[in-house]
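Next come two complexes, and both contain chain A; in the first it sits with chain B, in the second with chain C.
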Partner chain A sequence: MVGLLQRIGASTLASLGTLGRATLFLLRVIRGLGELVRRPHLLVQELYSVGVLTLVIIVVSGLFVGMVLALQGYYTLVDFGAEQSLGVLVALSLTRELGPVVTALLFAGRAGSALTAEIGLMKATEQLAGMEMMAVDPERRIIAPRLVAALISLPLLAMIFILLGIGGAYVVGTSLLGVDGGSFWSQMQAQVSFTDDVLNGLIKSVLFGLVAGWIAVFNGYDCLPTSAGVSRATTRTVVVTSLVVLGLDFVLTALMFD
Partner chain B sequence: MPATQSTGESRALIDIRDLSFSRGGRPLFDGVNLTVNRGEVVAIMGPSGTGKTTLLRLIGGQLRAAAGSVMVAGEEVGGLSRRDLYRLRRRMGVLFQSGALFTDLTCYDNVAFPLREHTELPESLIRMVVLMKLEAVGLRGARDLYPAELSGGMARRVSLARALALDPEIILYDEPFAGQDPISMGALMQVIRQLNDALGLTSVVVSHDVDETLSIADRAYVISEGQVIESGTPERLRDSDSPWVHQFLHALPDGPVPFHYPAETMADDLRRAR
Partner chain C sequence: MENSRSMEIVVGAFVAAGLAALFVLAMQVSNITAFQRADGYTVEAYFQNVGGLRDRAPVRMGGVPIGRVSGITLDPARFEARVELTIDARYDDLPSDTAASIRTSGLLGEQYVSLQPGGMPDALEDGDEIMLTQSALVLEDLVSQFLYNQSGDDGDGSGGSE
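Up next, the complex of A and B:
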């Protein structure tokens, strides 16, 4: 019993310590952001590897999620004779929830894990220490551009996901299920609000971008500099990002859509 | 290019006084005194695990001393602000044991990295400097190779060229000879000594390769159990009457440093197994 309490206490303290280190780390990175303004090409490079290279999985998933949503939504709506509202259902689900959340989960798997592994390996091979001794601050040169790239990419990717999802639903709805194309769009236009739905979804994805980027770069920077350490950190990035995104999404939804 | 002999600074470029440092509750240094003068090649030797690399990190300001002082070029490293520490580091070059080359950049871009980070030089001038530095370590022909395509010794030489890129005053070498074949070892020894004299550098070589290190060092310190146990010229070290230094320099398996890790007696251990 005492042993159990001790273990709970120790792991709580350890998690709090990690959270503290992560916060201080984030503050240091934010303070060093000025350098990025002077050297935007560092950011462009990371936007490519974090954002552009994630496009394929986002495009394909967006299309399929939209198509499946159309099928499922139609079968439910048709019982109530409301199948012409398919566009509204799809657009609301995607802009409010599925777009930001699924994009963030896919992003953690594709880009977050890569960021952690890259930074962790740079640490394990002393590249970060070497950079420090060359009077180049790795927090500014390596971490900051990657964090900002995640912050910018995720909302854009989420928007692309949503657009393609709606597009996929339109194709399936009109060609396969016989929903009228005109009412698909006009009902969507009438019932989806820019501020309540689109903007809130965008805010969510910006926050998810910050969280996903932060977790990924911190886990890489904080990992044990061994091969086992890097592999554990990469796994942790995907797991922790997924859980935090889902938890945060619940809180945000509760606050936004009351 | 050679270090300017400013009159304001004393001859000692690195001056460590009463340094104490511990890690994981274990004292690594306990009252270490050590001086490196301008223009010298100073060796710091000792068995693995005595914290030689830690000493370099203390000099480079990546770690802070628990007590005592680490002065580099007249400045207390532990007390510097971030900005001043980074300014001081531009006067130091470090050769890491692994080379620490950026694996996704070619040799050329590795050497150009500090120049591009710290200077506004046009690419044509950077090219000249990079080729000069690579020529100095004999690897101008390898400039388009990636670090993965280099042998360990070549990687260290490229890393040395990169450390030299900003014309530092001090170069710190972390185990430059570890795991090298005799030819690379000879090449590295020659490069370290010649660069030091030709460019007016000051070099600190941390190593446990006794013969190689002593043959190029002006002075050497032997560290064990957190203390400097012997220091002086290589001749003086070889003549030392300390049994510990004798064991270390002559690579004897048993002596003050026992061959056996401390344990209960073999007889007791065997009896217990029954």
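Up next, the complex of A and C:
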């Protein structure tokens, strides 16, 4: 009985400690952001590996998510004779929910895991310690550009995802299902609001970018410097990011849309 | 150095593509220009029933969108719905006895406010009230009226198919 209580207490303390370390870590990284202004090439390199290399999976999934949404939405809407509203359905679901969330999940799998593995291996091979020996702050030099790159990339990727999804839905809707292209766009434009839908989706994706980047770099920085530790940290990045993104999305949706 | 240059180009293209996507979403999908046009004037109209009319629904005259619904509230004194219509400043010469009615585009389409011009010489101005209004058609009322007088062909019935 006491042993059970001790185990609960230990795991609670451990997770609270992790949360505290992660917060302090984030604050230190934010304080070190000034370095990035002086060395923008660090950011460009990370934007390439975090953003550009994720583009392929985002483009392909965006197209297919849009196409599937169009098919499924059409079969439901046609029962009510409302297939002209297909554009509204697709655009609202993509801008409000699917765009930011699916992009963040894919981002966690593609870029977040890579970030964790990279930083974890740097720690395991003592490159981070070596940098500190040379009086180079790894938090400014290694962590900050990666965090900012995630923060910038995710909203951009989400916008591309949403646009391609709508494009895919348009192609499927007009060519395969016979929805009128004109009313597809005009009903969409009449119902989708920039401030309520597009802007809220953008805010969501910025927050998801911060969360995904933060979890990824922290797990890499905080991992056990062994091969098993790096592997566990990578898995944890994907799992924790996915759960946090889904939970945060619920909270944000409840706050944003009434 | 060549390598970092091409990387910078690719990153630039990525950022540009993302921003362009946001721009297209703003312009093409949500039509930001149509409802942000603030240079209009606002008139109000009281309806007994607005049906499914919503904020930002179009205001049309002769089928042409000339404004947007900018607010729907219940007037606590009259127990009628007070609908604010913001009309584009280009159309500042509408007769003061213009009539407003709530219509539906298509059978299941969105509802909009349709304006029919009157014949008075003076124009509607900011803050004016549109006196002649026709409420939204409520399907249940229509059905119950139809059931009351099975003979059918009365004025309300033909008003629905207009």
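The definition used in the following text is that the second predicted complex is superposed on the first by the 257 of 258 C-alpha atoms of A that agree within 3 Å, B and C clash if a C-alpha of one lies under 4 Å from a C-alpha of the other, contacts with A are read in each partner's own complex, and residues count from 1 in each chain.
To be clear about the criterion, a contact is a pair of C-beta atoms (placed from the backbone, for glycine too) under 8 Å apart; a residue touches a chain by one contact, two chains touch by 3 or more.
Quick caveat, the model's predicted, so the values are computed rather than measured.
After superposition on the shared chain, chain A has more residues touched by C, the comparison being chain B against chain C. By the touch criterion defined above, A:L24 reaches neither chain B nor chain C. Looking at the shared chain after the overlay, A:V60 reaches neither chain B nor chain C. Shared-chain residue A:Q189: touches chain C; no touch with chain B.
Within the superposed three-chain model, A:A14 lies out of touch with both chain B and chain C [touch as defined at top]. Touch criterion not met for A:L176: it reaches neither chain B nor chain C. Of the two partner chains, chain B is the only one touched by A:A129; chain C is not.
Within chain A, no residue touches chain B in one complex and chain C in the other.
For chain A in complex with chain C, the residues that touch the partner chain are 41, 44-45, 47-48, 51-52, 55, 80-82, 84, 91, 95, 152-153, 155-157, 159-160, 162-163, 166, 185, 187-194, 197-198, 202. Contact residues on chain B toward chain A in their complex (touch as defined above): 60, 62, 86-87, 89-90, 92-94, 96-98, 100-103, 113-114, 117-118, 159, 162-163, 166.
Within the complex formed with chain A, the chain C residues making contact are 4, 7-8, 10-11, 14-15, 17-19, 21-22, 24-26, 28-32, 34-36, 56-58, 106-110. Taken together, the chain A residues at the contact with chain B in this complex read 125-127, 129-130, 132-137, 141.
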